[in-house]
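The following block contains the structure, expressed as structure tokens.
Chains: A, B and C, in written order; residue numbering restarts at 1 for each.
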Amino acid sequence: MKSTPTALKILDAASALLIAAALALVFGYAPMERTMGLVQKVFYFHVSANWVGMLGFLVAAVAGGIYLAKGTPRWDVIEVAAVEIGLAFSLIGIVSGSIWARPIWNTWWTWDPRLVTVTVMELIYIAYFMLRSGIEDPDRRARYAAVYAIVGFLSVPLTFLSIRMFRSIHPVVITSSQAQLSPKMLQTFMFSLFAFSVLFVSLLWHRVRLGQLTAHIERLRLKLSE
Amino acid sequence: MTAAIAVDRLTKRFGLKTVLRGLNFTAAQGEFVALLGPNGAGKTTFLRILASLSRPTSGEVRIGGAALPREAATVRRRLGVVSHQPLLYGDLTAEENLHFFARLYGLAAPEERIGEVLTLVGLARRRHDLVRTYSRGMQQRLAIARAILHDPDVLLLDEPYTGLDQDASAMLDAVLQEVAAQGRTVVMTSHDLSRVAALASRFDVLARGRIAASASRADLADAQLLAFYRTAIAEEAS
Amino acid sequence: MSGDAPITSLWQATRAIAWKDLTAERRSRELLSAMLVFALLVILAFNFALDLDPKTRGSVASGVLWVTFIFAGTLGLNRSMATEKDRGCLDGLLLAPIDRSAIYFGKAIANLAFMLIVEAIVFPLYSVLYNVNLFLPGLLLTVVLGSVGYVAVGTLLSSMAVQARTRDMLLPILLFPVALPVLIAAVKASAGYLGGLPMEEIIPWLNLLGVYDVIFITVAFMVFDFIVEE
């Protein structure tokens, strides 16, 4: 195993710069929202974090599919990495949403379809790790995890749909409809999405490398013990 | 003529752990091979691969000319397996159990064949009893009946004597002798030398993921068997 | 011999496996009696927890029923797979020259039968206990659609959970978040029928159940091989 590849170092630097730039745009470029004020600025990173969370789970499901087709351990490593990142960013999404909801909706928590769906997703992927830790044989663990990553991800749109339909029948006091974005807001928002996406790739790469290094150490240890 | 079992450079890894490393093995039609070896040598793993229950990491496995895992369905038709677990349903009677497996194997005239194998293993009179009420020895004999129900060419036995007392073991011996006499190829794992000494026509020692030594019954007197086994394992370990 | 096709057709093998489970259960009645007693206990618990007086019971009946079915169903799913695993019977099935999917479909059909039997007994009991008429054709359809979806995913996940160290705990944790759409849709559709809502408010829920059933039966069919084949 070599030390950190140059491309990854460049990617690290790029994501750091992009996030810094996104911060600058959020606070310096995007105009202050008239009714919500400062707290609206959470929105840019809140949606970006949720986007990365979703992306992570999507990558995991795809990696799971490829693992089942090919059986190469590297896809299992990618799958775990993507789920971990997805979990972390979804949590950031939930917390930042809460921070926004407190002054705007006057509550930390609401049974908004998006919020509940993300929470159910968190539960699915926590269950994912419980499944992994319950199975000893590495091949079987990887296969089962891949199956669950796929099944879990497929259930997400149906969960969202059912919760939204559930709400739409009862009168909804608080709607989460998007406020109109001014062009500058939209630009800032798109830039944040991009910055977070680059950050995602960089983190995923790091986490996959970590997984491969762990496997490598395990192999060396096994060789020593034999 | 193709060998009943032909295994070429078989490797099996579980994650990073290598259990079988380049194992070569052949068995001719009608041979009764005792697969000996210490615990953890890979006997069960090897048998599970032959039984199509586990995929080889690399290497070639052919049963009656059909390759695993590619032609698994063909292999499964020709294969009977007895493990240390009975693979039977306790809440069904002996007859129902066999009937169920006869359906899975698509047997044409199951009733007749079920009667035949039950008589062979000496359970014809208890065919309507729930398997749950059977003793361990009877369950194991029924497991053999199940394994030979579809008249397989190859019979694999994984530690079939586990948990059997003297009488039950003797009875199992008799059944196995009869089954082997019908021209089947038999591979049986055991860590108990004395058990297999009377039955097998060949003795293979599996150690550290390879066949460490092989000797036919003709080559060895019973008295020499233990010495053969010890030497084989010692050589491999050094 | 033509190629490597299994000798027994998918349908024959599926039927044989379902027959085996149903016959064994007819003998022992272990699974069904456990599911039933548990279901009644859940209803009893709800009676006091929610104080099911005549005014509120109408609106919560569908929720109580579905939570009962789903809890009892989990019990059955766990047990049904454990019998295959514990005595090595799953290996026995895998040794047979049958399509692997037959194991999934056979077990799923048997699990569905168990769940429907429990529901068929709970329904009249609940009707008598709370004096509500549950025998509406639409409601029965909802019960079937919901149970199919729940069992389709449940059979798949229970065949994984049973191999884990923590298996009894693991199944509900794996199953509930994934089966949430079934619960929501089934509860809402049932409540719709019980409350006499117009069909156009119920149809979307039935559609959702139907879509869920189709998606997860298909997925389970595609991935089951990877669960049982080593």
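As a convention for this text, a contact is a pair of C-beta atoms (placed from the backbone, for glycine too) under 8 Å apart; a residue touches a chain by one contact, two chains touch by 3 or more.
Just so it is clear, the structure is predicted and the values come from calculations on it, not from any experiment.
> Farthest chain from chain A, comparing Cα centres?
Following the centroid criterion, the farthest chain would be B.
> Looking at chain pairs A-C and A-B, which one is connected by more C-beta pairs in contact?
Between A-B and A-C, contacts are more numerous in A-C.
> If I average the Cα coordinates per chain and compare with the overall Cα mean, which chain comes out closest?
Per-chain C-alpha centroids ranked by distance to the global centroid put C first.
> If you average the Cα atoms of chain B and of chain C to get two centres, how far apart are those centres in Å?
From the centre of chain B to the centre of chain C is 37 Å.
> Mind checking the centre-to-centre distance between chain A and chain C? Centres are C-alpha means, answer in whole Å.
Their C-alpha centroids are separated by 32 Å.
> Need the CA-centroid distance for the pair chain A / chain B, whole Å please.
50
> Indicate the residues of chain A shared as contacts by at least two other chains.
Expected reply: 139.
> Quick one: which residues in chain C touch 2 or more of the other chains?
Residue numbers touching two or more other chains: 230.
> For a test of understanding, state which residues of chain B touch chain C in their complex under the given definition.
48, 51-55, 66, 70-74, 76-77, 79, 81, 83, 85-92, 96, 100-101, 103-106, 130, 146
> Sort out for me which residues of chain C touch chain B in the complex.
1, 4-8, 12-13, 16-17, 19-20, 23-25, 27-28, 30, 83, 87-89, 91-98, 229-230
> Hey, which residues of chain A end up touching chain C in the complex?
68, 120, 123-124, 127, 130-131, 134-136, 139-140, 143-144, 146-148, 150-152, 154-155, 158-159, 161-163, 165-166, 169
> For chain C, which residues are in contact with chain A within the complex?
Those in contact with chain A are residues 153, 156-157, 160-161, 163-167, 170, 173-174, 177-181, 184-185, 188, 201, 204-205, 208, 211-212, 215-216, 219, 223, 226-227, 230.
> Within their complex, state which residues of chain A touch chain B.
Against chain B, the touching part of chain A is residues 137-139, 215, 218-219, 222.
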